[in-house]
Amino acid sequence: MRSVTFTQLLRETLAAELRRDPSVFLMGEDIGVYGGSFGVTRGLIEEFGAERVRDTPISEQALTGVAIGAAVAGQRPVIEIMFMDFITLAVDQLVNMAAKLHPIYGRTCPLVIRTPPGGGRGYGATHSQSLERLFAGIPGLKIAAPSNASDASALLQTAIRDNNPVLFLEHKLLYPQRFDVDDELPAPLPFGFARVAREGDDLTIVAWSHQAFVAERAAAQLAAEGIDAEVIDLRTLCPLDTDTLIESARHTGRVMILEEGPKTGGFAAEIAAQIMEQAHEYLEQPVRRIAGADFPIPSAKNLEAACLPAYDSILALAREWMS
Amino acid sequence: MCMIRLFEEAIERLFLEGRVMGTAHTCIGQEAVAVGTAAALEACDAMTTTHRGHGHFLARGADPARAMAELFGRETGYSRGRGGSQMMMDPDIGFYGANGITGGSIPFATGVALDAKLRGTGRVTVCFFGDGASNQGVFHESLNLAALWKLPVLFVVENNGYAMSTSTVRGLSNTHIAERAGAYGIPGASVDGNDFFAVRDCVAQHAAASRAGQGPALLECVTYRLSGHSRGDARVYRSREEESAAWENDPILRLEAYLKADGTLTDDSAKTLRDAAHARVDEAIRFAESSPLPDPASLQEDLFA
Amino acid sequence: MRSVTFTQLLRETLAAELRRDPSVFLMGEDIGVYGGSFGVTRGLIEEFGAERVRDTPISEQALTGVAIGAAVAGQRPVIEIMFMDFITLAVDQLVNMAAKLHPIYGRTCPLVIRTPPGGGRGYGATHSQSLERLFAGIPGLKIAAPSNASDASALLQTAIRDNNPVLFLEHKLLYPQRFDVDDELPAPLPFGFARVAREGDDLTIVAWSHQAFVAERAAAQLAAEGIDAEVIDLRTLCPLDTDTLIESARHTGRVMILEEGPKTGGFAAEIAAQIMEQAHEYLEQPVRRIAGADFPIPSAKNLEAACLPAYDSILALAREWMS
Amino acid sequence: MCMIRLFEEAIERLFLEGRVMGTAHTCIGQEAVAVGTAAALEACDAMTTTHRGHGHFLARGADPARAMAELFGRETGYSRGRGGSQMMMDPDIGFYGANGITGGSIPFATGVALDAKLRGTGRVTVCFFGDGASNQGVFHESLNLAALWKLPVLFVVENNGYAMSTSTVRGLSNTHIAERAGAYGIPGASVDGNDFFAVRDCVAQHAAASRAGQGPALLECVTYRLSGHSRGDARVYRSREEESAAWENDPILRLEAYLKADGTLTDDSAKTLRDAAHARVDEAIRFAESSPLPDPASLQEDLFA
């Protein structure tokens, strides 16, 4: 066991994959000597060279499209979109090309798009968004959204070895967090299997990415108060581990879903809908969503905090339910 | 060229007769670009196309029967009926298709070229697109990347005078598309796209340079779309006189005249060729129409690889 | 009363707005002499000229961005994105700029984006998508999705006079449909008010755009079988008329939501989640979604039909519920 | 210029001290572009900026106190604390801001110019962006549109040698950005961006032409970003020697030397100016820090207009 940051383990994972498979290469803005805006690729260019740790001009649309073409031709590109907000520029390439390659053309497109969503750093409305909503449910795309270093490493390996386009979310608040991990990198984790981060009988908290990290903390605090929360960390949104969700919902009868992005139209709605469709008669309470405000994320600290889902709401809702 | 023309004419007829549905864009009048380019390439080379791509695909060696079956939405089509006119690929012959988004395959072609460079395969990729597509942002981004990285890719723009109803003067601030090459410090050339030999020689020359590591080039083939943009285009944006004049410049007639003049082709051999092409297209239609429909149940397993 | 096509009434409405307000202008690809891919703007260039019925090159990103800039500077642009699939190219401009103008900068951005979603024409995977999911819930954007000519006219007037960016959906199967309408154009309709297209006691069908048109037909057929369906045509997705939805859900206790796009991650999930949050104890049945398959829309007729929501599923579910 | 420099230096200090949060990009070394351009414009003209926009905003006449308050996230800021460094506008002084997306305001500026043309206001819009932004597709699309429609907009690219860590030779296939003008058939010019007079004269000349209906131009101001890209940039991508050399070319020192040489400025008057600038920046910080925080409850009503 050792303690590493989320960033460090991602970097080690990328290095291992680059070593393992010569068709893997990295591409993105300022990922070379600069090491990426959040430092994930720092140092990799020294070992793997500028051909495989490829800096690009500021051209998100083309860099995504180039990666898609290279992937279909036989490479396994792992691209970095510096902030998830910028992926808006590549929606056409991902939705109209990458997502169609297998279902329509019958081709494989082994492509990973790494990108950090999330607020909490005061970066403002165009550097803080959680935009998985743009891609969740687009048929043909997969989405991984780990909440800790070990899962991130395991899922990233799977993503790189998968023959489909995978959107890989690295919440920016997770980067500096330290986690206890094995000395060896974890084995790849199959997609579509949620992690039951904590078993519990009273209620279920469903979350992904940084909110799952938050959920574990909340559950620990609730446990101290005698409330026994089950925490389901989805790990991947597409495919979605519906079985685990439904089972937990039936077991506890009370489900809250956390989502950092704005509540309306978010992916939590999908999860809520599925749970209600399949576990309606077991629910003691309607499924509730604790999500971001329906407002762009402002830069001022106090305004930003008001727009992100509040930790206290989790506790408050749990207490309300169990009182 | 003749087979492409007949294929496209057949499609226009089949649409009118309601035997083919959906949409398609024919390349009547532009065949010399497709065939001239294909003639300049090697077996290892690659190609991407546009919404107006049947000609490119056939010139590259596609099976007309499977292409036709795709248009008919049959299981035997290149995309098993899932893709239709705009979405077919056949990597086995180095053909990487289009996706229905104007300009969408420009970065894709650049990526295929990046793969070739990374693996050192000596492959050159030809990226076809139209004058209209050259106004898409991704054109600019892709050419800059390809030039910066000296990728073996030829950007072949078919300047056929129109993007749908928008003539080049109304769509491009500088209608000399080849001049856009200067922005990227790469070679640009403009040729008569209705002259098979001019196209072939221009592509061959730049393909050799690109293969030798000199990076991309932007080649403009000036041609004319004799057909409407797509089914149901009343062509209100141009005059019938303009069209008649353009028909005088039909690339097939020009090639035929040339070959006859230099004795390569006789009236007889021309007829034989034409009959053979007819037969292939007829056979393609027969094959397509007698092919089974795809099974909707098969979709279930096809979403992911 | 007279009978007009959806297309015709949209055209008359655009003409009336162009006449009413000199700051209104139209912009898009081939909207001038060609009259637009679906003929909506046909003939308008003759009356209003090429400055106000402005053809653009194929540059969706810039044409959207230009419209945003012009809107903030004082114009009221109405742009056309030829097929909704192409709006993927303008996601950055809409999400990162248009949607932020009022909440972040405190400016107005009176912009309308007209675009046709929808399949059923065999146009294939990149010309058939219903992509409202990309924008529904992006804070700062409004979405109108009329199901008939009169509503379309009324909502388009509102959209043009609104000081916020409005995405205006014109389903391509509606264009050729004929509707009975008043001789005069209808008055503008405020956003956020659903139309109860049919009152009923047994169950509620919620839909928008072309699916609402379908829902009315299904309800009529169900009525003939003795099943009394209420049909709610949302008219606008953002803002959403939650009150009407909840009231109906409480009244009938059975709600199905129709959506043309793929089921997973669609806006029907949001509606389902809201209904369950606010009417849980009134529901006799879990809210159900009848939606498109989680597959890109293939071009072959039979495959396409298999990917679009089936009319018969509406009837079947209603019968199942009421048996 | 001096005030801009002091404003930016203050911001770097305030970040280090943790008094300002979030992010900001300072324009130290590029002040002559902002001030030279602003000096060439008229009151009715408009401007858009980039993520590195404080200098442009101040040069255009922004109130440094309200700009600083925005950085501090206060109610008195230009965007009432909602926007931060990259998202401020003040249409009253013809300033239309940026949005944090590199290249994002290029079509916006083009739209402001379209409005000017439609209303015949005689307004010229200056669109600032960086060498890195010129690789975005929307640059290409916007310049084509502006050229096609002869819009009164000047595209002023600040070629400061880097886009984050990416030097222009690693980002642009042709580093002479002004040469991209040829692709659109518009005038292109390259000037020494650290020479206040060169910038001013070049912008004035092209603004006059643009105002007279001659359409857009692409003006490249060659300069150098003396500061890091943003907070926490260790500048591993360039040498300290390169930076020292660039400091020798500091546009403020150059202007000061010039003005002293021709007698316009004395040591005394320079000191007076500098003290005044210092006082304004200090006052801006005082104003910002003593301003109230925005009220989160106010967001509720602000989503829609």
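Some points to look at:
Each chain carries a letter (A, B, C and D) given by its place in the written order, and its residues are counted from 1.
Quick note on the criterion: a residue touches a chain if its C-beta (ideal position, glycine included) is under 8 Å from a C-beta of that chain, and two chains touch if they have at least 3 such contacts.
Note that the structure is predicted; figures quoted are calculated from it, not measured.
Contact with subunit B and subunit D alike is made by A, C. For subunit C, the chain whose average C-alpha position is most distant is D.
Per-chain CA centroids place subunit A at a distance of 35 Å from subunit D. Between subunit A and subunit B, the centres computed from C-alpha atoms are 40 Å apart. Subunit A and subunit C have centres, each the mean of its CA atoms, that are 30 Å apart.
Shared interface positions of subunit C, i.e. residues touching 2 or more other chains, are given as 57, 59, 61-62, 85-86, 88-89, 92, 96, 100, 103-104, 124-126, 139-140, 293-296, 298. Listed for subunit B are residues 82-83, 87, 99-101, 104, 135-138, 141, 144, 148, 170-172, 299, 302-303, each touching two or more other chains.
Chain contacts in this assembly form a complete graph, since each chain touches every other chain. Of all the residues in subunit C, the ones that touch subunit B in their complex are 29-30, 32-34, 37, 55, 57-59, 61-62, 85-86, 88-89, 121-127, 293-296, 298-303, 305-307.
Contact residues on subunit A toward subunit C in their complex (touch as defined above): 85-86, 88-89, 91-92, 95-96, 99-100, 103-104, 125-126, 129, 131, 133-134, 136-140, 238, 240, 262-270, 272-273, 276-278, 280, 283, 285-289, 293-296, 298. For subunit D in complex with subunit A, the residues that touch the partner chain are 21-23, 73-74, 81-87, 99-104, 132-133, 135-137, 163-166, 170-172, 236-237, 293-294, 296, 299, 302-303. Within the complex formed with subunit B, the subunit D residues making contact are 135-141, 143-144, 147-148, 170-174, 179-180, 182-186. Within the complex formed with subunit A, the residues of subunit B that make contact are 46, 48, 79-80, 82-83, 87-89, 91, 96-97, 99-101, 104-116, 118-119, 137-138, 141-142, 144-145, 148, 299, 302-305.
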